[in-house]
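Down below is the structure, laid out as structure tokens.
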């Protein structure tokens, strides 16, 4: 994954002509979890309307407690397929193990490996053998070097299409859920040819901080954003406090477009997927 | 796993009559990895002679880089079986995925889940369905609460025999590899009925600090120790710098016995396994 | 310092009509230390030319080792006065103790209290009794709550003109010197009426990361920047590796202006000081 | 402070024949703050009876909030003098600035520099010019290297009698107030000839963890302990939750004596002060 081996930046191609790692900034948005048909379709429509190009939502959810909502599983994947059909959005969703990987890879346009599994090497090797792009999230206390070595596990198995994601590291200040380390963006861009996006929702844990940190991430050079948006955050089954209201997300998109332009980039628009 | 549900401390019973979580302190020792028949037998003999009751060594090794030595796999397990046969030591070794779990559970007396997999919930659930005790290591930036919730995944599936292990959290001081958080011992003993042991080898990363920190762990109330010992640390394929020389381990055992006595406990001796 | 006591944001007025905490973004730039007349005048001219409005440079330097360069002391303050005379730039420089405070307050337009002294309460109380604005840097492992309580020490003594500064907290990744916590900006803006600026030079420790992180800070809503610029970084007596070359700073100013505009603010220009 | 300059361990001599850094383990105990004559005399008597040789208590208190109890100041010092007169205990108390240093140095047997002031270089230099031993506490996010460099400021000014103190670093787990880094003990003993003691009260923040961590510190080789004990912790003006009840401290002393013996040391006893 080092720039010493490949100086040119990797552009990860997505279905419909989008690329991550080029000029455009890709916005992936949606709820933490798929909760119901009604919820996911509402979420998909609203984020598409505001300009997102990828729908994010979990069917298999890694939760700290075994007694928390664990996601709808395969049924959730089917609902995501329906949302794609209806909106044309691409789908990114997480796989947590071999069985989940087999299911997710069939459906998703991008397969996510979560922060807790960043050093689950068996899963990384599986991800290296699929034909879909992989979104690899940084572990809660992983150095950039360790993140890149984990990506190396995927590339070493034959899959060059890896997108990294900064989502906050473990910090000491209870004012935020995690500590979003935006310096990871220039560090990764300096050391590696892989693209990197930022997740300001998990990175901060509070709705009010998502907007400034999303703009900051784009200004720092992030190749995309992963943002939690829920049609009714107050009733979300998980991560409600960090999910944007639809109107907040709409405003965010407008502001992010201005920031992207200020640094000579542009936000990819849904129309392009259809192209 | 909470003391509110079960006030009495859990005693995890091992083959041969040993228990973890009672009066005795269990010392598990051996090399980082199984490297060869000669190495593992030499290691087993030396740690048994000094008084260890469990042999530790990895056959499946989780390594940050895909290009590092990854362990001998199933062949390593067979060598561990031979070492047990010859020395009578019990075996603790790590499983990293479903396939590895199936292999390890057949052989090992205690199945280890490593720090990187502490929140690999699929693996935790598998561990909850086996009939062997599980050694669950604390993740690099996991709170005690998160460690206990991960243990809960195992108990919720039906396996009550979980031993926790403090092995150092991510710190900021390059003087040590990790920051061994010995306060985890009284915190766990206060909140949970599960036993907890300490790994001063990964916890410090330097041979010279293993001895004082091992004694400190026992003084703090640890129910056991997990210590890296190698017949020839300078030629170790992994973790050489933190592996004790056999004569250091011998001295450590003597000192640890004195500390255990000072707090009214005693170190379990190999003779008991045969009993 | 809480918004509950004073809902309206504090605007700290500087000589020459500038304010921190209003629409404009204030850029403070210059070398880590005053080293010589030639160096500081060259630095002042170059940062002014590129558009900075405040000159930063230390005369009294807090250094981890007693054997490192400790600054020119009072002689450094005189050189700063000369630089102000020649360029019209305002001056921000650090005071480390009662004696230094007496000297600095006579000369500087803004008195800096460094990260190491954020909880030096005697110094904070002194700063509360001066008539100049105070730039209070966040301690290396201070929570935002603790930063605000330290500011409270200054306000409680009668000085309402406090500007906070995020300059990176202690992180675990050696890829950066510190971990610049840009979420501090929205957190402070949410909890307090005080303005906050960012120091991407100490925040990252590497010249190449200063530019993206400076832009990110402005996008996140920072009320100003504190940037290290040296006429010849390779010969700097301190912090050379994180000091920008003059041409880099010039480019940074251009890019920061675009980011400021994108969020509806503007960078204060030197002309305003003369007004 | 490096062992390369002076291989032999420094023994800091205290009045009455005690030394820190030799065979004996010195226990310093007492309340967080001097609150009243009655309180400090009761505390002094009880800790002496249980076997402490040094009374700890603050007259000048560094508090995060300007609205918290700030200590009795000079009146507190006088009460400490009275406690010494009555019990024969030595006194350790903190100085926060030049003025406080002048007052404390007259009275105290050991002058403490607190964690918040570990990099207050002006104060360190003052401490280097006094004739009393200095207890230098590790800053909340200071590396051992930085702690040693701060000690170097004191030695460089001519005072060789410095005792270091590990009191917990900033951690991420809310289960403890700080993260007591006991590995600092062997690290310091390896790099430096200076003695080091541990403060398990600030290091954990919870009374119930003080006892196991105090024993662990001694087992790890600490040259002494600094423990908060209050005659009536529930009515303490500061740090009540981490202060031991007198009967707990009495038990602690008994257990610490056994640990010290197990590693070939012994706890210094009050009788020796009179000698």
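As written, the chains take the letters A, B, C and D, and residue 1 is the first residue of each chain.
One rule holds for everything that comes next: a residue touches a chain if its C-beta (ideal position, glycine included) is under 8 Å from a C-beta of that chain, and two chains touch if they have at least 3 such contacts.
Quantities reported herein were computed from a predicted structural model and do not represent experimental measurements.
Ranking all chains by how far their C-alpha centres lie from the centre of chain A, first place goes to D. Remark: chain A and chain C have CA centroids separated by 35 Å (rounded to whole angstrom). The geometric centre of chain B is 49 Å away from that of chain C, both derived from CA atoms. Of all residues in chain D, those that touch two or more other chains are 141, 169-172, 174. If the chains shown are joined wherever they touch, the resulting network links each chain directly to all the rest.
Within the complex formed with chain A, the residues of chain B that make contact are 62-67, 96-100, 116-117, 119-123, 139-141, 146, 149-150, 152-153, 156, 169-170. By the touch criterion stated above, chain A contacts chain C in their complex at residues 141, 143-145, 169, 171-176, 179-183, 185-187, 190, 203-204, 208-209, 212-213, 215-221, 255, 258-259, 261-263.
By the touch criterion stated above, chain C contacts chain B in their complex at residues 170-172, 174.
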